[in-house]
Amino acid sequence: MSFDPAALRRQFPLLAGDPELHYLDNAATAQLPQAVLDALVAHETHARANVQRGSYPLAEGATEAYERARESVRRFLNAGRADEVVFTSGTTAAINVFAHAFGARLAAGDEIVITRAEHHSNFVPWQLLRERRGAALRVLPLAGDGRIDLARLAEAVTARCRLIAITHASNVTGALTDLAAVVSAARAVGARVLVDGAQAAQHGPLDVQRLGVDAYAFSGHKCFGPNGVGVLWVRRELLESLPPVFAGGGMVGRVSLEETTFADAPARFEAGTPPIAQAVGLAAALEWMLSLPWAEIRAHEERLARRLLAALAGMDDVAILGPRETRERLPIVAFNLRGIHSHDLTQVLGDGGVCLRGGHHCAQPLHAAFGVEASVRASFALYNDDADIDALIAGLAAARRTLR
Amino acid sequence: MSAKDLYHEAIKSLAAADTGHGRLEAPDGRATLDNPLCGDRVEMEAQLAQGRVAALAHRVKGCLLCRAAASVIGKRAPGASAEEIERLTADLTDMLERQRPPPAGWEELSAFAPVHAHRSRYGCVLLPFKALLAALRAARS
Amino acid sequence: MSFDPAALRRQFPLLAGDPELHYLDNAATAQLPQAVLDALVAHETHARANVQRGSYPLAEGATEAYERARESVRRFLNAGRADEVVFTSGTTAAINVFAHAFGARLAAGDEIVITRAEHHSNFVPWQLLRERRGAALRVLPLAGDGRIDLARLAEAVTARCRLIAITHASNVTGALTDLAAVVSAARAVGARVLVDGAQAAQHGPLDVQRLGVDAYAFSGHKCFGPNGVGVLWVRRELLESLPPVFAGGGMVGRVSLEETTFADAPARFEAGTPPIAQAVGLAAALEWMLSLPWAEIRAHEERLARRLLAALAGMDDVAILGPRETRERLPIVAFNLRGIHSHDLTQVLGDGGVCLRGGHHCAQPLHAAFGVEASVRASFALYNDDADIDALIAGLAAARRTLR
Amino acid sequence: MSAKDLYHEAIKSLAAADTGHGRLEAPDGRATLDNPLCGDRVEMEAQLAQGRVAALAHRVKGCLLCRAAASVIGKRAPGASAEEIERLTADLTDMLERQRPPPAGWEELSAFAPVHAHRSRYGCVLLPFKALLAALRAARS
């Protein structure tokens, strides 16, 4: 398959319907292709039923669709087994479930390593765990280039370390994490590695086996799927050992007044009616992604990032957060315009159809490390093109006029 | 695939025969397994001699498929080794999931071929086999 | 508006597309009307963006749609304030969030009253809380008629009682709970009342203020809305006092390495990207429900339940679980056919297009009280009619032939 | 409603004037408030005399709207009672949400009328007022 961003763009009804829209907020949420919308609508109009407990054909069909969705996730992650895939409502829920389940066996003094680059969703759950269980947090700082300072791993990962919870890529700087270094530091002390893949998943299929990590979390809505669904993948042997977090229908064995036994994973972690239609939609999104030519898409996304970085580097009132090169980064670029507040800037840009997010992007510790409160962020997906960058650059000029 | 195909006479008479129903006086191992989806329960007891099933007995609260499967076990399992039961369970799973032929020597299991079309019922057929495996594990440890 | 079940049925694409389908598993999941599907599709094709942190028009629009959805829930519940409405992924998540938040302040020896009629989703979370906090559970038994024995309230609700967690209606017997009695027992000792409204919400708008309860949970998919969204409503003064459960983006104030402050409710309980499209779809479902003539619908549903109950009462191989009259019940009827297992029965019924659920319906303690493992359940919604009952009765006759 | 309408000269000169910026030597009350959505922060200090604002000073890390609002406070709040500030904040909220006229005596606030079309920015305008209210509460207790 050969790759043409304009052809891809036409597959997205929201973008196709508004040629003047320059959607550059993909790190917050990606748009939804027609194929996924069709899968959602088809499910609701032909296959809607509750799963797992029905033996009439409609319910059997819904259950099979739901379990097939698990298999699509397995393929996307190249996980060893589909029963390592837990459906959640999103990355945040996935990380919190893991923090509660894994945390249940921690003792006071056990250590968890996180980093300053984390999204609040992979930061605050560990602070809450610290309060709940008395575990200690060690926070890897940023290096001079704005990447996580992995040179400090050896020092941060002590014999008491039980877990490293780290992002695959920063949702602000776009910097990718060298997970091989993280995994080997963890292995050296017998610790586990949980990866926040919320950003990485949008940019192509993954390989959790090759990465060698123990758990991986991502959201449907950021990789061209529906809202309200996400994935917690956990290596089977670890997943089997974890206790349930939320309880309810579908995750029990036998329930009596005195005591209750729990179902095997993944059911044990899917209390209540799961997001069935959303899982089916996510599967459609992932299958769609699996069909795309990722080498070409990555090259295209990288070219866009490089062009924007170069343009911004040529403006003397712009400060970029983090790395300025495209090596080992996602096409996410955060910056500030001197003397202009990020929300004023995104307001003016939005006026011209250029959709950028301003604020702290749920990464206050990272912003604090850069000495700022907030930034504006342009994040590219496979359907963006040079016209989007043109519009952004024109928008910056307009903002300078309007806001100064 | 209609329910009529599922509930043919062979299944019904297997279930009605309930071969192996009961209790053992002195089982070497026992196991109780639940199907969490429907509350079905299989209790299985076994005696081992030279690594082979010398005697077994089961009590099943379950559907026709589950009772019929337990009845096949009651008829065929005595004399089999734990390894044979393990292989057999894998073959049966393959038969259900991938329409493979029934395991050799256990021809009665071909009665379950139509279950292939009903993934939600695989567990009903497999539960007695899993209970037997668990009882054999218990007997050996 | 005058009420015609056939006209309503035509609004549901899955039912309209299959006239031979007799969908009687509404207690598990209700079908989705075209209006809701349209709202979902419109949102994804014209308004998809992340909420709360964006100031470009698309994001502002998505945020407003999401907050308007909160207002629709407020209207449906007749709650005092929209900011008492927390969006969750479903009833189960809502109850678990409440159990964690409310449970955080319980001490060993504090008591929680639940009942034998609860769905596992309002039973097992309290068992887990018992383990976590050492709280004691008191379980109201069933009375002779299969309803919750509220005559035992006085005995069960002691001065140590902090919470009564009780279902508005059993998902097996259909019996409605006299919440006025529950609320007054709770008030007498200063305890709170959480109501599991998963079933009740399908049968018309509610009035939490009149009910006088403190918290109410329900699911979108059971009241003609999407999967993957639910509601936890909590009286403002109580909600404000509760600590967060899951942490992440959107629910914090200021995050630093040392300490983190939390946003006000409801944001405090909505960590991560919420189910935006699903909330919008739920709002469409609730607005659709609010437009319907509920007195007529209730009379219709009651007539169907009465007819089925009468037909079953005339079969000497049928045992009905719980009350046999339609007074204070939802149109849900669970029963067993002597000597026939519930899953064999639903399999044969399903073959004839009659969709009933078999099993324990996530209510093992209730089934145990009736001395059975499982049952089959017919549950009616507003689009069901006599043809569905005819098909069910014919299916029972066919099942007797096939299965005996 | 375009961003040009939002960022008209009146707003920009209010923000540039930054009236009231600074610190007090001996404030009776102080408060620091954050906008959780963007990390903006307003620090407000106040002195009270006979229930009225005798002096105030603020430091704002925030957007143009937030800084302009703080500047209006710096100009108009001295002399007002805590009750007046409370009523005023409610009136301002009404102006934003329901396009009501600006509160009497605080005509500068009409500069914020175009914010009505941008719900996500209401918080930017209101933050300094909420900080002032919090500082006054602190001063009285």
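Every chain is named by a letter (A, B, C and D) in the order it is written, and numbering of its residues begins at 1.
We take it that contacts are C-beta pairs under 8 Å (C-beta built on N, C-alpha and C of every residue); 3 or more make two chains touch, one makes a residue touch a chain.
Here the structure is a predicted model, which means the values were calculated and not measured.
Undergrad: Which chain has its C-alpha centroid at the greatest distance from the C-alpha centroid of subunit C?
TA: Centroid comparison gives D as the farthest chain from subunit C.
Undergrad: If you tally the C-beta contacts for A-D and for A-B, which one comes out higher?
TA: Pair with more contacting C-beta pairs, A-D versus A-B: A-D.
Undergrad: How many angstrom lie between the CA centroids of subunit B and subunit D, rounded to a whole number?
TA: 75
Undergrad: Round to the nearest whole Å and give the separation of the Cα centres of subunit A and subunit D.
TA: Taking the average C-alpha coordinate of subunit A and of subunit D, the gap between them is 37 Å.
Undergrad: Where the CA atoms of subunit A average out and where those of subunit B average out, how many Å apart are those spots?
TA: Distance between chain centres: 44 Å.
Undergrad: CA centre of subunit A versus CA centre of subunit C: separation in Å?
TA: Comparing mean C-alpha positions, subunit C is 31 Å from subunit A.
Undergrad: Out of subunit D, which residues touch more than one other chain, so two or more?
TA: Those would be 37-39, 118, 121.
Undergrad: Touching at least two other chains at once: which residues of subunit A meet that condition?
TA: 53-55, 59-60, 252, 254, 343, 347, 350-351, 358-359, 364
Undergrad: Residue numbers of subunit C touching subunit B in their complex, please.
TA: For this pair, the touching residues of subunit C are 341-344, 347-348, 350-351, 358-360, 364, 367, 373-374, 402-403.
Undergrad: What residues on subunit B touch subunit C, complex-wise?
TA: 2-4, 6-7, 12, 37-41, 61-65, 118, 121, 124
Undergrad: Show me the residue ranges of subunit C that touch subunit D in the complex, using the header's touch definition.
TA: Contact set of subunit C toward subunit D: 52-55, 59-60, 63-64, 67, 252-254, 261, 263, 267.
Undergrad: Along subunit B, where are the residues that touch subunit A in the complex?
TA: 34, 36-39, 118-121
Undergrad: Which of the residues in subunit C come into contact with subunit A in the complex?
TA: 13-14, 17, 21, 23, 25, 28-29, 31-32, 37, 40-41, 44-46, 48-50, 53-60, 89-93, 95-96, 116, 119-125, 127-128, 139, 219, 221, 226-229, 244-252, 254-257, 259-260, 271-278, 343, 346-347, 349-351, 354-359, 361-362, 364-365, 368
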